[in-house]
Amino acid sequence: MERKIRIGMVGGGKDAFIGGVHRIALRLDGYYELVAGSFSSNFDNSKETGKNLGLAEDRIYKTYQEMAEKESARSDGIDVVSIVTPNHLHVPIAKIFANKGIHIICDKPLALSSEEAIDLKNIVENKKLIFALTHNYTGYPMVRHARSLIQKGDLGSIRVIQAEYPQDWLTTKVEDNGLKQAEWRTDPKRSGEGGCIGDIGTHAFNLIRFITGLEVDELSADIHTFVKGRLLDDNAQIMLRFKKGAKGAIWSSQVAVGNENNLKIRVFGENGGLEWKQEDPNYLYHTKFGHPTQRITRGSNSAGKEANEVTRIPSGHPEGYLEGFANIYSDVCKVLFAQINKQNYEHSNDCYPTIYDGIEGMRFIETVLESSKNNSKWVRFN
Amino acid sequence: MERKIRIGMVGGGKDAFIGGVHRIALRLDGYYELVAGSFSSNFDNSKETGKNLGLAEDRIYKTYQEMAEKESARSDGIDVVSIVTPNHLHVPIAKIFANKGIHIICDKPLALSSEEAIDLKNIVENKKLIFALTHNYTGYPMVRHARSLIQKGDLGSIRVIQAEYPQDWLTTKVEDNGLKQAEWRTDPKRSGEGGCIGDIGTHAFNLIRFITGLEVDELSADIHTFVKGRLLDDNAQIMLRFKKGAKGAIWSSQVAVGNENNLKIRVFGENGGLEWKQEDPNYLYHTKFGHPTQRITRGSNSAGKEANEVTRIPSGHPEGYLEGFANIYSDVCKVLFAQINKQNYEHSNDCYPTIYDGIEGMRFIETVLESSKNNSKWVRFN
Amino acid sequence: MERKIRIGMVGGGKDAFIGGVHRIALRLDGYYELVAGSFSSNFDNSKETGKNLGLAEDRIYKTYQEMAEKESARSDGIDVVSIVTPNHLHVPIAKIFANKGIHIICDKPLALSSEEAIDLKNIVENKKLIFALTHNYTGYPMVRHARSLIQKGDLGSIRVIQAEYPQDWLTTKVEDNGLKQAEWRTDPKRSGEGGCIGDIGTHAFNLIRFITGLEVDELSADIHTFVKGRLLDDNAQIMLRFKKGAKGAIWSSQVAVGNENNLKIRVFGENGGLEWKQEDPNYLYHTKFGHPTQRITRGSNSAGKEANEVTRIPSGHPEGYLEGFANIYSDVCKVLFAQINKQNYEHSNDCYPTIYDGIEGMRFIETVLESSKNNSKWVRFN
Amino acid sequence: MERKIRIGMVGGGKDAFIGGVHRIALRLDGYYELVAGSFSSNFDNSKETGKNLGLAEDRIYKTYQEMAEKESARSDGIDVVSIVTPNHLHVPIAKIFANKGIHIICDKPLALSSEEAIDLKNIVENKKLIFALTHNYTGYPMVRHARSLIQKGDLGSIRVIQAEYPQDWLTTKVEDNGLKQAEWRTDPKRSGEGGCIGDIGTHAFNLIRFITGLEVDELSADIHTFVKGRLLDDNAQIMLRFKKGAKGAIWSSQVAVGNENNLKIRVFGENGGLEWKQEDPNYLYHTKFGHPTQRITRGSNSAGKEANEVTRIPSGHPEGYLEGFANIYSDVCKVLFAQINKQNYEHSNDCYPTIYDGIEGMRFIETVLESSKNNSKWVRFN
């Protein structure tokens, strides 16, 4: 690694959700360095956010226009911008950075209309820019393995594709109770014309295309708004006909009580079937016709090259393993910060294991060995 | 955040596993800055590792002794050292850094003997240092919720605790085939006297103590080595009697075919029972006696404060969500690096979604709306 | 019980599947006595079947017409007839027995057309007969509990109903390979115009009606035949609009590789959601909005009166428990038959536990007690 | 089938549990005819039970001694007796019938001591009788498949066997609240010296022997009574050493809150591993070392001959399928009985599908076909 990639961010101020996710994602592998940002239309929020992230003061910008202008003028300016605002701002912001020749990583859905999206595409093509849209589910190792199995022909010709994406967090009219995430997602001005269709239906749609490589030929849809007074759809039934003859369906809902984020895709071909579920993402279920279903695990020998390229830890360690580790590190950090700032620190949880736990662990091993060497006699601990 | 915490690392060079995990963990929340390291007894390996991590050349050290000496002398020296070597080096390294007043995060198990561990403890106490042992399973949100339920008395007096930690990767004698991870783990000189007991049994033991707060009173063990010629145990049965009267068992094995990393704990009290499984870590199953089992999910309203303090993303998004996002970012980075280095880049996977996918997404929304507005007539997708 | 109900059967000869199921069902609770039958259009098959079932020779009939005639003339004639033929014969047979005043239990789907079905209905009404159609999934205890929860209003107004019934046994053209079950099911003359829609789609449809009490207002369907040369549909997508405003979908398929008989229904209302899956039938998952999902188990206190009325064994004993017991009994019977017939009997499986196993069990208890009384010392088992 | 096997029953009167299970089991395949019984020490209870079962009055006996005497004297006397009393009566009853040359099916555990059991064994051997002990879990198809896989050597030499059988119904002192099932099971006089060890631990033990064919060499046990005042153990930890070198453990408990009847067995050999769980009995999980875990389903091609011999219905139809069917039949019967007895019948559930449901089903098929033929236009239902 010659140097880290310099990245800036638009959106993602205090109270935002997806901005924080993007920041963790860019830190995880250590390739990027976040050096600039315009995190909120409220400059105070933006300054506080930037300061907490350790940014230089002069690279926290009042507007994204200013940010594009100044960063593109610096010799050490950002290579790429991450756009994590509500939907309606994606394209206006992207155009400005694109015109300055800055690469773009942008949250989904891309735009308010395909017309607007195509405008942007033309700039991106002219400027030969990298443009990544964070349909994040395509980043899962077992999704990539599913795709490679289909590409290799393991399923034969695809016949049926069933995708569903039910949630339940919009079961009641939470957009009236100050829940910011619900407010803009149910507001046509900020979300576009699609409600649950745009927010999560597009994920299901993208995942179908990514995994199967098939394009939709025609569709028949029935969308509906169940919660009275809501301005956008909160449930959608869609039947799909694909080019090359496959059939399928998408169901997405935000009023399906008992579902948190239950994205699931099933693909059936002449010779085999696949099932992947976002809430249990380390497994891909693969059935060859006439044989028992196999559970292929991320990180195992049975997962292919495409999955292994994006796998950081061994099979049997769900990817939350990294977050568990990070929690220990961050617990420690809070104590360290307190020391540096000469503050008393009361960690309500007091959770990270210490040297005392280490000593207990040693005693455990020693006591086990002593008991086992003595034909399992009961041995008193310590 | 006034400033980031400066951290150094000992161990974790090329081919090591856990060092990379620790580095991701320290990057995740953006609190730490890795500034120094002695990653391998092979200095070339160490230099290459350090350079790839973007370290200044003069802070990549030949020996950990030198590192402790020089870093403690700098005004911007490391606040904390992360020790990720094989087990036998944990204490010797920790002592040197501890004597220099540097805080310590150390991989488990702590030492080769409790005697050695107590020596270290004395230094740590005298120097008033922070010492964290990465029993990482204590970092899971639902483990912390389990602990808090028991602390609050929801289970009543604890009666039975069943923990198990089966794996299968040592089913054959892979330590003879050059698998570095297996080599040192089955070598008494580097691992200590415990084989599967030290490597994974201690995790189960620590997790019991962490969740229940109970201490073992006496134990009866039967350990065994199934693979011929192996020098340490690869299977262990342990019966436990706890102070205050609870009973329990630990089974750990590295020859249990079909198990990847199947750590599981069940706790039963007078009034309720809990079950948590590391391979499905976002759920805690809680049964109040006489009522249906409840599935409590990380990030939901039903998870308590202790879990939410260490939760980054909402319920229904397994923590691998972050890695999925990171994969998109890192995919993009590889293309960016190639551009910076003016290399041609062939990404075999070509995986991150682009603006073209964004346009398709827009068309999807628009086509769905058109169909639905026309009583679900089939609309051609173009 | 004054006396057993006398029942006759039409269909269900050698090689038939569903007839045997009906016979087990009628024996299970001991209420019925099978006394007459016309099991096949082939009289030899019929005679052999009847004899094996222990029927009197004069009550095994060549034709169902003769059977209806003679049974209705006897003072000890059948109370009820069970019709288990291919679909196209259901109505012709039922009419004849109905006209003789005999009650009817009939396999599904009822008829080849609704016209034919209504004809039969008129006779049934005129004769005041009992007519039961074996949509067997309505007989599951947890299905009845689901229905009662909805009837009591626990879910509030119903919004969304998703049902699916995928199988994979018609993935290839097995009807050409002599598989009798596939032959008549894919033959419009014997099955009617619906293929997978008639065979399994009607189950999903009936289950929706049974559980929710809602009636379909209109539907939009896309059915398809994937296997070349097959005469009836093998995959169906259906969008549903219900009276009172609920929306839903049915997907049924017989080419979904990896699915054996995967009938599943999910119902979502304003206040709660339910999920039931035929392949895991002892559990009903119930989520009250904003609370953790509860797993309600058949036979437990949490299952209501409606479920308990049709529950034979306690919670935690899946209903296969009865078959396991029956297997032991029938294993023994085979030996007994051999003795009665003075034949040598070689049971390849030799499976039922004997008195020797009983003695081992006693020793187990005694050895456990001896070890435990001696502080868990190892005790030799002899 | 020349004739049905004539069977009698001792025990199983009103309020008994296991007697009813045995009666269903003997009816299921139609091989047996229940003709005699002494169902309770209370003759009124016995008479009522026998009458409800349709027995001739003169074959309902006041004592089992009388029953053995008279049945053995009849030319049409019972071939076999089923003994379903509390444990302490098994041997005394069995001896009497054995001495009369009557075959025996007996519930488990066999006796109060191995001494008593061996006495009985001697009679059984002398008389050359069939004696079956209903360790019912050996009757499950996938248990038999597990056994055959091990017999064929698919797992190689067995190393580790983990069995567990947790329940929670004795978490509180229900034996004091008039629960008959709990009363005799916690009474040493009627149950013998083993509490949970005898009641369920013996099942786990028997299952290990049945599946693996291995015999225990020595064991180390720690049993305990958690509920104050209870006279027998309610929790047991047992470590096992098998002949030929395998190791293992049994945990059985009746105070493990959240467990209904959670019998589970795992077997690990040099080359493979197996897992079977009683609460999900239609699946056997089989892992060949280094390959993905396979889910083998009862009734599928992947289940072997030994499983298929005791399988009545196809894969994907859990065995509760038969009970579902039986529920429909028995629902109908209740109406028929009412008619015969000229009583009004109010079925609170009113559950079995009728001809009206059949007509709806026809309309469903017809409406689906009409919609699909018209390019999925919405079609109004009827």
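Going in written order, the chains are labelled A, B, C and D, and every chain counts its residues from 1.
The definition used in the following text is that a residue touches a chain if its C-beta (ideal position, glycine included) is under 8 Å from a C-beta of that chain, and two chains touch if they have at least 3 such contacts.
These numbers were taken from a predicted model, which means no experiment stands behind them.
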item	value
Most distant chain from subunit C, judged by the mean position of its C-alpha atoms	B
A-C against B-C, pair bridged by the larger set of C-beta contacts	A-C
Chain centre separation in whole Å, for subunit D relative to subunit C (CA means)	21
Centre-of-Cα separation between subunit C and subunit A, whole angstrom	44
Whole-Å separation of chain centres (CA-atom averages), subunit B against subunit C	48
Junction residues of subunit A - those touching two or more other chains	220, 222, 239, 241, 259, 286, 293, 297, 300, 376-378
Footprint of subunit B on subunit C - complex, ascending	220, 239, 286, 290-297, 300-302, 376
Complex interface listing, subunit D residues touching subunit B	155, 159-160, 162, 164, 168, 171-172, 220, 222, 224, 226, 235, 237, 239, 241, 247-249, 251, 253, 255-259, 266, 268-275, 285-289, 293, 375-378
